[in-house]
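Could you have a look at this structure, given as structure tokens, before my questions?
To keep things simple, chains are lettered A, B, C and D as they appear, and every chain counts its residues starting from 1.
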């Protein structure tokens, strides 16, 4: 935009007073062309060293540790893990819920905030969606392989067979099968559809034949015609709506796994909400962990602004406060119900000597550390935010541990009570999934448009035909 | 040559410019024309009189279909084909049916939306005459292009070109449809 | 241009192709990978060319003459060679085809018959409760009395069992007609079918046939 | 159209079971056995022989039902059906056969009926035809079938470790006999275990005649004959007492664990349970003991006193009864003694005192006197004539001149369990010989345990299920021991061995027994059929009015921290070590400690604190200069300054299962079971013990409900919900239960009651269940991880006075209840505890929480109310177990049926990916044959033989649980339907005796478990469920369990100083008060 300086003058006259202005999504009043170059440069440029430093260990975990732990477990038995009687579910399900949780913030950012027209989401939406897709992959893996006979997983799908047998739909696990698969499919579709116009950008910028071929193929012939945009926008709205439903549904269903069970500590109607909010909270933690370094290393400070970080932090705070309320309610209901089993379980979450460390970690992080986000100083300090993000992930992990293991290890009959300690194979598999997640994420960062180019352009002031920067003249209203 | 002409394209610099140009093209009575933009331009669908997109209906259809499909499947498998006493619970009931049916409604809707979008946009389409145009690549960057199709009744290579130039379009070019 | 024009029809072609291929695979699996196909028709070569057609069909030897444990045990036993020798010590006594049987009877070395009908080990099928309660051999084994060499005619899959357990009236017959493989309620096919339903229902009621579909009936 | 499938011929490398057994035992002995196994014309052999042979009829897959759960269907190997050449008469393949036999014990025998398939014994049950018996057994009998299939049992005749042929070995016996008949047995001695076999006594007589200079010693590490010796000494004639607890109103047990560790316990339990019917006339049990035993757990009053002081207690009781001066040991309540004695006296002729077999003879003699004055010998105690022991006193050996050069060791394992000073006398000088008949190649068959120059012969012994023999039960009835199978490895029976040594012409065990029994063939057949000789019971001995015995002097010193008392006791699992290699026994939780795979130094909390030791600390015990090290285990309710050491562990050569389990207490054992003067020192090392129940307290939860008799008589329905607070709200279910619909047409509805008042917690049911249902053992490491597989467990809770607990609030981190299970041992409440037992098995809930969470319909209900489990459908999500409030489901975390036995103790989990068996890669072996285990052939084949073909063997990754023995139910139903033929008489009825018994019910000596048709109002289970004390555990969860419990009634004496409500009730009330339950 050659005449942007001119328009800028005009803009300043027309603009509302400073205190009423929204923070710009992209700082520095850059033009569309600059934006395109800036946003594509990472996918097209030379691979920086930090990428390799992160990628090699992640790839090692994903390709060596992960399959080793996986095959050893599948060929030997679930017994290689620490699961036992009565704690039949251990790290396998803890990590499953944790990964599902991580996924949720991504969908929330990209879908719910779209519906509520939060323009700032455009710059981080794609990164959040990628986080969703990859973490749902990791999450979906756990239920499939945690079973005793993974090769019979197909029993859980309504496949006609010569036994005349069908799955049993009263089981929340069946609902899980549907929910997790749906989540994976829908979030992948959403992720992919959002990238179609950006594939077109990369196609048009491609300089080598191979890139050209690949991106032509991926862009599927996208031209950016008004008719395409018309249908595309509609589909996008529909998908956003559905994804928003998923945010509330998938974790609810995971919560149903627990609240339909009899076990004290699980059997609570608050669980669906609890899991949704917990998931979102955990996901915002993960967002902070991912955004802060990427923003710095990829030089995206103008695009992912401090205002973005501030908003993510605020959302984390809000969801954290809801979580705190739920903790309070849980303990209150346990006391108020008068049910001795409930009281036992909740008393032992904090005071039972076996797992009280995790119980206090949960309180310390999810309740106390979260309160730091009230302070603007904290929210504007990236190091603090990064650490809080990491801590939130640990806190939510311990919450899942406390819920799953903490309710199982001391249930109704004291004779059954036991203890659970994960083995190296449990932990190895977790490290493997973390590795796989980060490996996929780094590949995404390297090869795909990690910021939704056309979406960001769409929320630039220049994109509004009625805005001076968009070419509108004074008093030019349609 | 005329058989091979796909249309005429003109380049504009700002959303407002192409929006105004589009209005004029529409007013001039052209019917087979389109605007190519890096992002959706607010008001363009009104200008083009596109009405409501059918994608929503396709998505709804997909969702409802999946919902009924799964509810029916659950009834068939658990209550009709092999009813087994499980946990003292009924063979078929709303609580056990709703959740999977509902989640599959979302799946159906999402798949419907994507398929609807692709179908209505006639994608994937790997070969397109515009993609051969050097300057068309700028659409995905920061240019706005308006194209009047050769098959339009009012299309005339020279007149239309002038018309487009009169609208402020630069780089008015003929798009050829090559194999 | 990287993709020529014809590639525009590629998605459709691929879509249709995938649909056809998917349907083909599904159909193939349904037809060729189910026990109806993989099991039914199995006809191994036996060490002794024993013909059920001659013995059970033409000579009319009752099934239970040889398979004498069928009414007492879950297992329908194969007769010892000594049972064969009851007749074959006089009939065809020097026939070379019977050499193995004779050797078995004298040396007590077993005849290595190849098993034709087999259910998995976790299925506890019980012959006695079926044959003493009006389910004929023919229901599972087919017209063995017309087979020169025994082959498996039914799939013996779980849904095969369930078909009958859901509707025992379609198979049940008077208890004394169990080993009469060719028996029907009437010589007229249509009428026989009708009578099977009507009379079968009566028999099921009269005998309090449970015909369980619960897991514990077969899996322990 | 004819389709011929060209399946590959039977693979030459693949295994067919019988082939492999041949290969395995490609030895002369085995071949000989094969020859004897299948002689021409087997069916003409004498009655009872041919049918009991293994039948070479079918290949593996049919014999081992269900081993191939995973791979079945993918590949179809060609199966061969190999029928008989000669069709045997009266035999139907696939039909179980039952034979009566008996398992000899030290002082009697347990009459048994053994179920056998195709000549393969698979399950042991008690003989209910036997007079007075309820068809029960003890846990040792239930487990003994596994010994038969023990891959480590002695298989070969050996001389100095080298294999010799059977002929050579038998020839040696003959030469020995010849040699000693020359010198009248000079230098020849026998060392045998005690036996009640008349045939052996007869042979012993023949030997004594033939070799008059030979010596015959009897040795048992656990000596149960003291009751007979005491009675014989007291009455001056050979008599043995029979304790009829059913006829006693008041029983005082002085260190007598008659419900647990004493011989014949299963008979005691049966009789005791009969006297404990809730209501008037219920008997009362006082127990004075140092260890916490099952008897103490069942007692109404329990006094914990060091074992060495129990003589003084006996003296005090005796003095009270005879109104002489009473001295009570320090720290013992005089009132307790006085009231107890008063109660005994008030019930003359209905009261008795029982003294434990570990107590010295003086205490026994004293008890004879007390019993005499209580009139017990004309009441609950019967005296039967006994055979005076013909054995020499073992102490002669110590004083002997060491001239004995040839030792014949019949059974036993002296190198392991004979005190060291005796062993030295056995290990003879140069040129001596040891000839040993043993079931295992154990410590005794190890040359290194004997002097280097001696020559050691090993003869493999037979299992009693392979032997002809006989025995006399504790009631004095003669029972035959008949074999179920030919000896698997061609061993010798005891009788055969002795007969050959005696040079007797009659060497067949069958003939020897036949001669002993005499009588007509008709009578013999009847005896074999019924399993006992009718009318052979001896008449009770008539008594002198007074004992001529002078009051023995009792003197004892109280143990202290510097001079601890050591109690050597018979282990509830491995006995004296004879069951060491029996995996079921090793894994059976000890009834009181719930410990598996180990023994420990049992110690009281106070003593542990004073000595500064805690659970798992390895301590060195020094006693009379001898030392042994073992881990500490704090036992609630244990007497102070006592150390309890279980014998039978620390085996060095037991086999793959038993070697190296626990520590060997025999190292400091000198023949006396109670010794004072021990000290312990901490070694600093620690050790992990594997218990199946980590938490001791019931935490005030109403799982076990108890009341004193008075309260029960006042409020018979005390166990109902209204007295236990958590009354389920009356809710109308939103939907009808489809089971209610099914009930209208179903033939039966199965249910069960467990009478907690009868159950003593002996654990017989657990082993019976394991045997019936092919439950694998998992090993110590897996037990530590809480993965034991028992479908039925016995929950044992210690309850205590809540006032002694520091349990103010759950939010108080110092409260006892917030502590970890490791810290229970330091809590003071464990000093004086009551124990309650609760058998816990699948409750068969009508609204089963497990079912609705299974995604694949693997666990569902059948129309008869059974919660069934289809293993092959199970994918192993384990959700069902999580949702089971009773946690009765068991998951196959690893392939327990296929793991090598060597992995039982370690933390190594071999995987088929890397493991090799017999030099071949396991993945390849599995590919060739999905039934292959990761075990070497010799153990694999025998382990497969031990499985019950009626029950599927589960692979890894599937859930399993109690099925109410659905295989027995189905078998009964099918039999009834077959009988019904074309009629509608298909229902089972208790009246007609067609309702099956579950394995646990069948084995329970107390008759605590009753199973039956709850839809039949006349069935005993229906009647029991109408009793007021019937309740459901966790009934408030509305699971509607089909298994219900009859509350336990205690009968304490209100006059006693320690009279109080049952602690569990007090704990419950306390918990309700402090936590505001409404």
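Throughout what follows, contacts are C-beta pairs under 8 Å (C-beta built on N, C-alpha and C of every residue); 3 or more make two chains touch, one makes a residue touch a chain.
Please read all numbers here as calculations on a predicted model, not as lab measurements.
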| item | value |
| --- | --- |
| Chain D reached from chain C - shortest hop count over touching chains | 1 |
| Chain at the geometric heart of the assembly (C-alpha centres) | D |
| Inter-chain centre distance, chain B versus chain C - centres from mean C-alpha coordinates, in Å | 59 |
| Approximate Å spacing (C-alpha centroids) for the pair chain A, chain D | 56 |
| Centroid spacing, where centroids are CA-atom means, of chain B and chain D in whole angstrom | 78 |
| In chain C, residues with contacts to at least two other chains | 2-3, 8, 162, 214 |
| Of all residues in chain D, the ones touching two or more other chains | 849, 852-854, 857, 860-863, 873 |
| Residues of chain A touching at least two other chains | 163-168, 170, 172, 174, 216-217, 221 |
| Pairwise touch network: line, ring, star, complete, or other | complete |
| Chain C residues touching chain D - in the complex, by the definition given at the top | 41-45, 69, 71-75, 77-83, 104-115, 118, 120-122, 124, 126, 128-129, 132-134, 149, 151, 174-175, 206-208, 210, 212, 214-217, 219-220 |
| Interface residues, chain A side, partner chain D - complex | 71-72, 75-80, 82-89, 143, 146-150, 152-153, 155-156, 163, 165-168, 170-174, 177, 257, 260-263, 338, 340, 343-344, 347-348, 350-354, 356, 408, 410-419 |
| In the complex with chain B, residue positions of chain D that touch it | 733, 735-739, 742, 845-854, 857, 860-863, 1040 |
| Interfacial residue positions of chain D with respect to chain C in the complex | 2-5, 7, 38, 40, 42, 56-57, 61-62, 64-69, 72-73, 76, 78-88, 92-95, 747, 860-864, 866, 868-873, 950-952, 963, 966-967, 969-970, 974, 977-978, 980-984, 986 |
| Residues of chain B touching chain A in the complex | 13-19, 22, 34-45, 48, 50, 52-56, 59, 63, 70, 73-74, 77-78, 81-82, 84, 86-87, 89, 96-97, 99-100, 102-104, 106-107, 109-111, 113-114, 116-118, 120-121, 123-128, 130-131, 136-142 |
